[in-house]
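When the chains are written out, they are named A, B, C and D in that same order, and each has its own residue count from 1.
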Amino acid sequence: MSSPEPSRRLTIGEALREAIAEEMRRDESVFLIGEDIGIEGGFGGAFGVYLGLPEEFGHDRIVNTPISEKVIAGAAVGAAALGMRPIADMQYADFLFECMDELVNQAAKLRYMSGGKISVPLVMRAPVGATNRGAQHGQSPESYFVHVPGLKVVCVSDAYHAKGLLKSAVRDDNPVLFFEHKLLYGSKGREQAGGLDLTAEVPSEEYLVPIGKAVVKRSGSDVTVVATHLALYRALAAAEELGTEHGIECEVIDPLTLLPLDVETVWSSLRRTGRLAIVHEDTLTGGWGAELAARAAEECLFDLEAPIKRIASLDVPMPSAPSLEDAVVPSVERIKTVIRQLRD
Amino acid sequence: MSSPEPSRRLTIGEALREAIAEEMRRDESVFLIGEDIGIEGGFGGAFGVYLGLPEEFGHDRIVNTPISEKVIAGAAVGAAALGMRPIADMQYADFLFECMDELVNQAAKLRYMSGGKISVPLVMRAPVGATNRGAQHGQSPESYFVHVPGLKVVCVSDAYHAKGLLKSAVRDDNPVLFFEHKLLYGSKGREQAGGLDLTAEVPSEEYLVPIGKAVVKRSGSDVTVVATHLALYRALAAAEELGTEHGIECEVIDPLTLLPLDVETVWSSLRRTGRLAIVHEDTLTGGWGAELAARAAEECLFDLEAPIKRIASLDVPMPSAPSLEDAVVPSVERIKTVIRQLRD
Amino acid sequence: MAALAAQPDPETLAGLYRQMLLIRRFEETVYYLFLEGEIPGTLHQYQGQEAVAVGICDVLEPTDWITSTHRPHGHALAKGVTPRAAMAELFGKSTGCCAGKGGSMHLGDPSVGMLPAIAIVGGGNTVVTGLGLAFALRRSEQVAVCFFGEGASNEGAFHEGMNFAAVRRLPIVFVCENNLYGASTRFDAVSALVDVAGRAAAYGIPGRVVDGMDVLAVREAGASAVARARAGEGPTLLECKTYRFVGHSRSDARGYRAAEEEAAWRERDPIPRLRAILGVETAEGLEAEVEATIADAVEFARASPDADPQEALTDVLA
Amino acid sequence: MAALAAQPDPETLAGLYRQMLLIRRFEETVYYLFLEGEIPGTLHQYQGQEAVAVGICDVLEPTDWITSTHRPHGHALAKGVTPRAAMAELFGKSTGCCAGKGGSMHLGDPSVGMLPAIAIVGGGNTVVTGLGLAFALRRSEQVAVCFFGEGASNEGAFHEGMNFAAVRRLPIVFVCENNLYGASTRFDAVSALVDVAGRAAAYGIPGRVVDGMDVLAVREAGASAVARARAGEGPTLLECKTYRFVGHSRSDARGYRAAEEEAAWRERDPIPRLRAILGVETAEGLEAEVEATIADAVEFARASPDADPQEALTDVLA
C-alpha cells in the first residue's frame, strides 16, 4: 500500500456515497435497489446519496423500483438468499412499516428456518428524524428492529463511522438495518442541524468500522450519557454546558450499533460514574433506551448511585408545527435538566 | 335488574364470544371483520371464537375478507374514523406485520394528525404463542405495539378478564390491540396447555374490566413476578414450587394491559419485596419487560435489593421442533432457577 | 345524482372556475411564503391538477367523504376546508384545520368530509374501504372518493383496496391522478401498463381514462361514477391524465423531465381552458374574489398564534 | 428448453407418475403419523394437487429455484428434497432438511433450489423477484418459479411482485394453484374475478388457465412459460385449476364445501388419470418402489435423534 494520502473532511452523505462506490467496485454482487434512485436528472435518492453512481456503475446494478416497499425488501431478501449483496433504500424510515413482514418474518428468520443453510446479507438504509413534516415523515423507528432476533441495527452520526460501518454492513452476512438522520447528511448545510459542523475527517485509505462497537465521544467522570443521531450532538452540547455551568462532567457514548449492543463500553463507564442517562429521538416507551436501562438494572444494579434516566421524544406521534416538534424531541435544555437531577 | 344468576365456568374462547355477542347486541356500530369468519360450515375464525354469531347477527355485520391484512386493518381504521366500532381479526399475530403501516402509521396517528377531530375506536384481536408451528406462526409480538403512542395493548390470560376487557376495548375510543394466547382458549382441551384448567368463573350479569389495571394473582412477600399469557401460569406454577420447596413466596401479577402499564400495582408490591422478575413469551431483547424494568430502575431504584431479572423467549426465531421450542420459551424450571438467584 | 350534460349552467361553471383558481393562487402563494421562510417543512403542490379535485368534488355532497395524499392542498380546498384553516395549518398555527399537528401533508377536516390526508403512498386506498363499508353497513347513501397518484397504483394497498371494494360493491370512486411521474420516476419505467385504468378489469369493475386537464370532462365522469356508487352498483376506477406544473416537492429541480413536455402540458392548463368558455368579464370578477380570499387567509394565518407547546401532549388518545 | 409435444416419452411418464405417487403416499403417511402423535404441530397437505408441483418441477433444471407456501410438501418432494429429509423435518429431528427448525410449513433446501417455504400467504410473491433479479444481474439462464394459492392473489404482495417482475421482465413463472378455497373461503366470495389468470393483463404479461388435474397439461404449459422466462421474455402467470382432496389443515372438517363437489373433483384425480396412460404393469412397479421409499423415510425419521436443545441458539446469525 502506497504512502497514506491526507484524510479529507466529508459529510455523511458523501461518506456513504464513497462507501457504496467502493463496495460496488470491490464486489460484483453488491447492487442498489429502491425508489427514485439512478434516474437521469433525478434526486439520487431522497437525500442525494446516489448522485453520480449511475455514471460509474450503469443502471443494471442500480435498480429503480416502483413504489412497492414490499418488493424492495422482498427482492432484497430473495437476491441476498442467493448470495447477492443488495443495499436497499427506504426513502423515509416511516415507510419501513410497509415492508415489516419482509424484514421481520422473512429477512430475519429465513436463515434460522433453513437450519442455517442460507444467509441473508442485505443492508436496508433508512433516514430517520423529525423535520417539520409531521407524523408519517418524522419517526425514528429503530427501536422496533432492536426487538427482532436475526437482524443487526446500526445508527450512524458522523461521516467517519458512517462510511466504515456501511462498508462493514455490506460485507456482513446478516440483514442490517442502517439508520441515518436526515439533519445530519450535510446535504443541506449546517443551519438545518442547528449550526453543527456536519463534516468529519475521513481517511483516504480504505477502512472498516466494526459493527457492535460503541465509541466514547467525550470523557467525563460524573454521568454516563448514551445517545445516537442528532440526540448525540444535543447530548454533547448539553455536556459542554453542564461542565462549564455546573461542573458536571459527562462521559458521552455513541453506541453506533443498537443490535447487538456494546454494553461493555457502557458498563466500564457506568462503573466509574454510577449514573446513566440515555438519549434518543425515538419515542420513550419501548424505545431502545428501555433495553439498555433494563440490562443496566440487571448487570450493574449495584454500581448505580442514581435512577436511570431516559430522555426521548415524548410518547406522541410527531407533530408538524415547529413549536410542537421542538417540544417533543429531546432538546439540549431537557437533557441538561434531567442530568442535573441525577446529581441532586 | 333481576336477582343475580349464578356465574358459570367458561373458557376464554367462550368468554370472548359472549363479549362480542353482548357488544353487538348493545351497539349497532359494532361489527366483525377478518378472514374465514362467518363462513357457513367454517371454523368460526382460526380458533372458533365466532361460532354461532352469524346465526344471530347475520352476515352484514360479520365481514369476511379476502386474504388482505392491509384491508382488514385499513377498513377497520376507516370505519372507526366514521364512528363504527370494528372488531378486527388477525388469524395469527405473526400476520400483523402485514398491516403494520395501517396500525402504526394510520390507526395510532390519525387522531393526532387531525388535531383531535377524529378518533379510531377499533379492536384488533390477535392470537400469540408457540405451538410447534415454527417461526412464522409462533410469535408473541405484543411488544412491538407497546412502542406505538396512540395505541392501547391488552393481553388476556383468563376467561373473566378476557370477557370484561374485550367489552371495555370495544367501548374504548382508541385503537386497542388485544392479544390472546393460542393455548389458553380452551377450545382444544387442557392437555395442550400442560394440564391447566382453562375455565374460569364468569358472572352471568354484565360486567366490564377496566383497561390499564393489573391484578395480583398470588400474594407473597419475597419476590414480585410480573407475567402474561401462558407465562403467567408457568410463573404461578413456579411460585407454588418455590414456596413449598424453598420457602420463597412470590407475589405474581398479571398486568393485563401493557399500554398503558399499571406500574402502581407493580410498585406497591416491589416496595415490599425489593425483588422483581418479569416473564413473557415474547423474545427478550426489546420486549415489554425491558420497559417495565427501565421504569423500575428509574422510579424504584432504591427499593431494589437485587438485579431485575427478565425471563423470556430466547432471542431466536421460534423453532418448530418440540425439543427446540421447549428450550426457547420460558419454562417453569427456568423461572424457578432465575427467581432463586434473586434470593441468593 | 344522474349523469350531467356536457355543458353545465353558468353558476356551476363559475363555481368550477373559482375553485380551480382558488387552488392555483393558494399554491402560488404558499410557494412564495415557503421561500420567504414563513412556512416550515416541505410542500407537495397541486398546480396543473386542479381540474381533477374540482371536477370530482363538485359532484359530491357535503356528507360524502374523500381520502387524500401527500399532495392534499387541492383536494382539501375543493372539498371545503377553508383557505384560512388550510393556510394556518401550513403555517403551523393553532387555528389550522389540524391544530398545527398535521401540517401540509395531512390537511383534512371531518366536518367537511375529509379525513386527514394520508401521506403514506397508497395509504388511503385501504382506509377508504372502511368509509365505504361504514356507509354500506349504515345503509346510508353516502359515497367515498379515494384520490391517489399513478405511482400509488403499484402499491399492494391499491390492489387490496380495489379488490375488497369491488367484491363487496362498496360505494367508492377511486380517482387516480396520473401525472406521469411518481417523484422523479416515470410511470412507464415502473409499470408495463401505461393506463392505470386498465387495472380495473383485474377486479371486475369499470375503469375509465379521463382528460384530467378538462374540468368538465372530469366532472361528467365523476358524476356517473358517483351515481353508480350511490346506486349500490359498486366502485369505479377513474384515471385522470394530468400533469403537475411544478416539482414533486419544494426542493425538486425537475431535471428528470423535458422542458418541451412541460410546455406541452402547460398548453393544456385547465384554468385558461375554462376561462375561454366563461368569458373575460365573469372570470375577472372571480379572480378579484379569489385574490381577496387568499389575502385574507394569509393575514389570518399570520395573525394566528403558534401551536402551543403544551398542546403537543394532547389528542394522542381519545 | 423448447415447448414439448403433448405425449412425452415413457421414462418421462414414469417419472411423473412416480413423483405424483410419492407425494400422495407421503401425505397419506404423514397424516396417519400425525394422528398417531408422531408428528407435532399441524399439516397443510397436498393430496389432489400433485399434478401441479410435479408437472412444473419436471421441466425445471436442478439449478432453477422455487418458492413455496404453507403447503409445501408436494413442492419440496417434486423439486428434489429427499423424502428422508422432508419426513425427518416433520418429525422435528436433527436430520430434517431444516435441522428441525423449520417444520412442515418451511420445508426447503438450497442444494436442490428451494428456499425454505414461506408460510406467510403471498410471502413468496415478493421474495421470488429477488431470485429472478439475481439471475438477471448475473446473466445466468436460471429461472425461478413462485408457487402460490388463489387466495394469495388477493394479497398486496401478489400485485407488487407481479408488477415488478413484469416491468423488469424477470425470469419468473408465477404458478397459481387455484384449489377454489383459501382455508374455508371460496375464491368467488373474495374476488369478483373467477380466473386469477385474468389479472395478468394488469401487468402486461401472459396469463393462462391450465387443467391442474392433468400433469401433462401442466407440464406443457410450464415448459413454454419456463422457456419464455429463460429466453429473457419475462414472467408468465399460470393458473392451475385444482383441488385439495383433504382439509385445509389437519383440524379442518370441511363443512364449508359440498360432498358432491369433493366427489366430482376426486373423479379427476391426476394419478389414476396418468396410470391409465401408463399401463398397470409399469404403474405397479413404481408403486412398490414408492412404498419402499416412504417406508425407508419413516424409518429414517424415527431413528433420527430429536433436534438438540443446544441447537436452538444456533443459526440465528451467520
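The working rule: contacts are C-beta pairs under 8 Å (C-beta built on N, C-alpha and C of every residue); 3 or more make two chains touch, one makes a residue touch a chain.
Computed from a predicted structure; not experimentally measured.
Taking each chain's centre as the mean of its C-alpha atoms, the one that lies farthest from the centre of subunit D is C. Computed from the mean C-alpha positions, the centre of subunit B lies at a distance of 41 Å from the centre of subunit C. Note on chain placement: the centre of subunit A and the centre of subunit C lie 36 Å apart, centres being C-alpha means. The distance from the centre of subunit C to the centre of subunit D, each centre being the mean of the chain's C-alpha atoms, comes to 45 Å. The multi-chain contact residues of subunit C, meaning those touching 2 or more other chains, are 96, 100-102, 106, 118, 120, 123, 154-157, 160, 163, 167, 189-191, 316. The residues of subunit B that reach two or more other chains are 65-66, 68, 70, 94-95, 98, 101, 105, 112-113, 134-136, 149-150, 315-317, 319, listed in rising order.
Chain contact topology: the protein chains form a complete graph, every chain touching every other one. Residue ranges on subunit C touching subunit D, taken from their complex, read 154-160, 163, 166-167, 189-193, 198-199, 201-205. Those residues of subunit B lying in contact with subunit A across their complex are 94-95, 97-98, 100-101, 104-105, 108-109, 112-113, 134-136, 143-144, 146-150, 259, 283, 285-291, 293-294, 296-299, 301, 304, 306-310, 315-317, 319. Only residues 31, 33, 60-61, 63, 65-66, 68, 70-71, 73-84, 86, 101-102, 105-106, 110-119, 121, 149-150, 152, 173-174 of subunit A touch subunit D when the two sit together in their complex.
The part of subunit C that touches subunit A in the complex is made up of residues 40-42, 92-93, 96, 100-106, 118-123, 151-152, 154-156, 182-185, 189-191, 252, 254-257, 306-309, 311-313, 316.
On the subunit C side of its complex with subunit B, the touching residues are 65, 67, 96-102, 106, 108-111, 115-116, 118, 120, 123, 125-134, 137, 144, 156-157, 160-161, 163-164, 167-168, 314-318.
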